[in-house]
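Pasting the structures here.
Both complexes below contain chain A, partnered by chain B and then by chain C.
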Partner chain A sequence: MDQFGDKLASKLHHYSVLPWNDVYGSVEAAEAFVLTNYIFFLIISFVVTLGFMLLAARKLDMVPSGIGNVAEAGYEFIRNMCNEAMGKEGQKYAPFIATLFFFILFSNLIGLIPGALPGTGTIGVTATLAVMVFVLYNFIGFKKHGFIGYLKSFVPSGIREMGWGGKLTLGVFVFVLEVVGHFLRPLTLAVRLFANMFAGGMILGIFGIFVVIGVAQLSAGGFAIAGLSTVMLLIMYAFKLFVGFIQAYVFALLTSVYIGGALHADEH
Partner chain B sequence: MFVGVAYAAEEGGSAISVVPVLSEIWPSIIAFVILFLLLKKFAFGPISNTLDKRAATIKESLEKAEETKVEAERMLEEYKAQMAEARGEAGKVIEQGRKVAESMKAEIVAQANKDAESIVAKAHEAMETEKKAAIAELQASVADLSVAVAGKLIGEKLSADEHARLIEKYVAEVGSLNDN
Partner chain C sequence: MEGSLNVLGAGLAYGLAAIGPGLGIGIVGGKAVEAMARQPEMAGKVQTTMFIAIAFTEALALLGFVLALILSA
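Presenting the complex of A and B:
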């Protein structure tokens, strides 16, 4: 099993945050100006997303076709989602949500290319996006309802209508819970996306190791393991493609729900 | 302050970071913000416009189609009414024509009958005249013949007066015979 340990270590090394060309060793959290392997692929995702969208925008026509049609269908899907979550104001925030969706989607999909990494497979990127969402939706809430008004909305109207006794006990308790809940939102957003993309890569890596080790055994058992692992590898690959779409959708959906909640904070 | 799940590879020192690395934060922010600004202006704006324009065009086309349909239905109704009217008119014209023809036919037949009758009458008249002329002529020739015969028989012993009386008497007899 030493062989497996070594290969696993090398896989883990591959999926660690490293300088992009992997020559300087690991990147420390405090290092500010190192182009990491994940950011290298995030920039590729950036270019691909931008290129795809700009190309699609040039192919727009009254009769939809080709790449323009794909971008349109995607954008309309996001726009409808925003309208459902936010009502009339959905239109205004649709470009933000759509940027999140397509950037995350292309990052996830680029991670499927063998040897490449998903830009969203590192907590640095997902946490940054999640914190941006957190700041934005709370900013929208404060702007729309005023500082006190927005904070007040954390407590349900039923408790607000109680006497001082209820307000000070139940009210404060619910308020604290709600604040904790709000701070958990970016954490869950960040970890969900990061963990899904990172784990997907690791699982593919592990089945890949099994294939290599199995073949190297040059025995019937080894080939059986290799064959089975190849099948699993293909299944997991398809699954990861699916997960890439789902996670981009979930991130975009939750963001639009959070913004919708901030916009309509006075309604519950 | 490195918090991570360090993998205990003897020589590696690689680690899976569960704490954001600073050198990944600012590129993410910059990349996202630039992408957002560019896409909003050059991609999502035009896409959104196209979607709205298409929706408006489709709505307009549907409305126009509905209008056209209503107009077509109205025209069809109109044509049907006109058709029915024309058909009625044609029927009337035919009926009228038939009546005229019938009356003309009756007139023509009546005229023909009248003409025929008058022709027949004229023919009768002519025949009568001819007959009378023939009789008169016959009477004259009978008289002359009788005189000649009588003269021959009695040897011119009759005077001219007696002669004339005898003839008249004879003619009257013949005439009364003829009348029968």
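Presenting the complex of A and C:
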């Protein structure tokens, strides 16, 4: 059983933040500015996204074909979602949201390649994306409704029409709750993506270790465990493919919902 | 001793935080399937709303996950 513990520890170590050229090394990345394994694969997914889009845009036809078809279908999917969540006014934010979607999608999918890691599997990357969204949607809200107007819209119109007594008690209470809620949004955006990608990779790793250890036992029970784990590994692999897509979609959807909420802040 | 209590607390924090959202997401998903079966033409809209509702429910479990990471670090 000692062997299992060691293998598990070394596999889980593989998922911690390490210098990129020393993935199986024993020292975690301590300095603030060092190229880590996650960031290495993040840069790869950045290059892949850019290359994919450049290839797709190289030949623009009325009837797209090949890679252009895939990119166009993805963009149309995001544009329809934006249309639903933000209305006509939000159309100009669709390219931003599509960029987020494709970047997160590619970085999630690259994490499925054995040996590679998802760039979104580290909290720093997802927090950066989430703070970007947070700043953008609040900027849009302040720009559209004015500083006071946007802050006022945090309180529902029913309370705004009350007398001073209602405004000072219920209004202040609701306002504080809303502000806390707004600050929770980037936190949950970041942690949702990070937790799904990080934990998903770890589950695949653990089932992989079960297969290796089961075969190494060279007994009927060992082979049974290995076979069962292989089946589970394949199922989890398919599930992770699905999760990678869903998480990219949820991130894009929530971004568009938040921007839509900032655009239409005065309507409720 | 203190370290092991921290790890125990981390496990409990995530486990307990996952109960409510687990039930909640189950209810949201089930109701969404019900709605889609009744009105297949609204499936797209129901699906979008379902994902938003799941995102809000899930946030509570994620806070527990963060707490677990903080406690076990």
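Here is the rule we go by: the second predicted complex is superposed on the first by the 257 of 268 C-alpha atoms of A that agree within 3 Å, B and C clash if a C-alpha of one lies under 4 Å from a C-alpha of the other, contacts with A are read in each partner's own complex, and residues count from 1 in each chain.
Here is the rule we go by: contacts are C-beta pairs under 8 Å (C-beta built on N, C-alpha and C of every residue); 3 or more make two chains touch, one makes a residue touch a chain.
This is a predicted model, so every value here is computed, not measured.
Student: Taking the superposition on A as described, I'd like to know which of chain B and chain C A:103 touches: first, second, both or neither.
Tutor: first
Student: Quick one: classify A:174 as touching chain B (first), chain C (second), both or neither.
Tutor: neither
Student: For A:42 in the superposed arrangement: first (chain B), second (chain C), both or neither?
Tutor: After superposing on A, A:42 lies in contact with chain B but is clear of chain C.
Student: Examine A:136 and indicate which partner it touches, taking first as chain B and second as chain C; both and neither are also allowed.
Tutor: A:136: touches no partner chain.
Student: Looking only at chain A, is it chain B or chain C that touches more of its residues?
Tutor: Here the partner covering more residues of chain A is B.
Student: Quick one: is A:34 in contact with chain B, with chain C, with both, or with neither? Answer first, second, both or neither.
Tutor: Touch partner of A:34: chain B, not chain C.
Student: Just to be sure I read the superposition right, which of the two partners does A:213 touch: chain B = first, chain C = second, or both, or neither?
Tutor: Once the two structures are laid over each other on A, A:213 reaches no partner at all.
Student: Within the complex, which stretch of chain B touches chain A?
Tutor: Residue list for chain B touching chain A: 1-3, 7, 9, 12-29, 31-32, 34-36, 38-40, 42-48, 50-51, 53-54, 57.
Student: Please output the residues of chain A touching chain B within their complex, sorted ascending.
Tutor: The contact residues of chain A facing chain B are 9, 12-13, 15-18, 25-36, 38-39, 42-43, 46, 49-50, 53-54, 56-57, 60-62, 64, 71-72, 75-76, 79, 91, 94-96, 98-100, 102-103, 122-125, 127-129, 132, 198.
Student: Provide the residue numbers of chain C that touch chain A in the complex, in ascending order.
Tutor: Chain C residues touching chain A: 44-45, 48, 51-52, 55, 58-59, 62-63, 65-66.
Student: Give every residue of chain A touching chain C within the complex, in rising order.
Tutor: Touching chain C: residues 81, 84-85, 184, 187-188, 191-192, 195, 249-250, 253-254, 257 of chain A.
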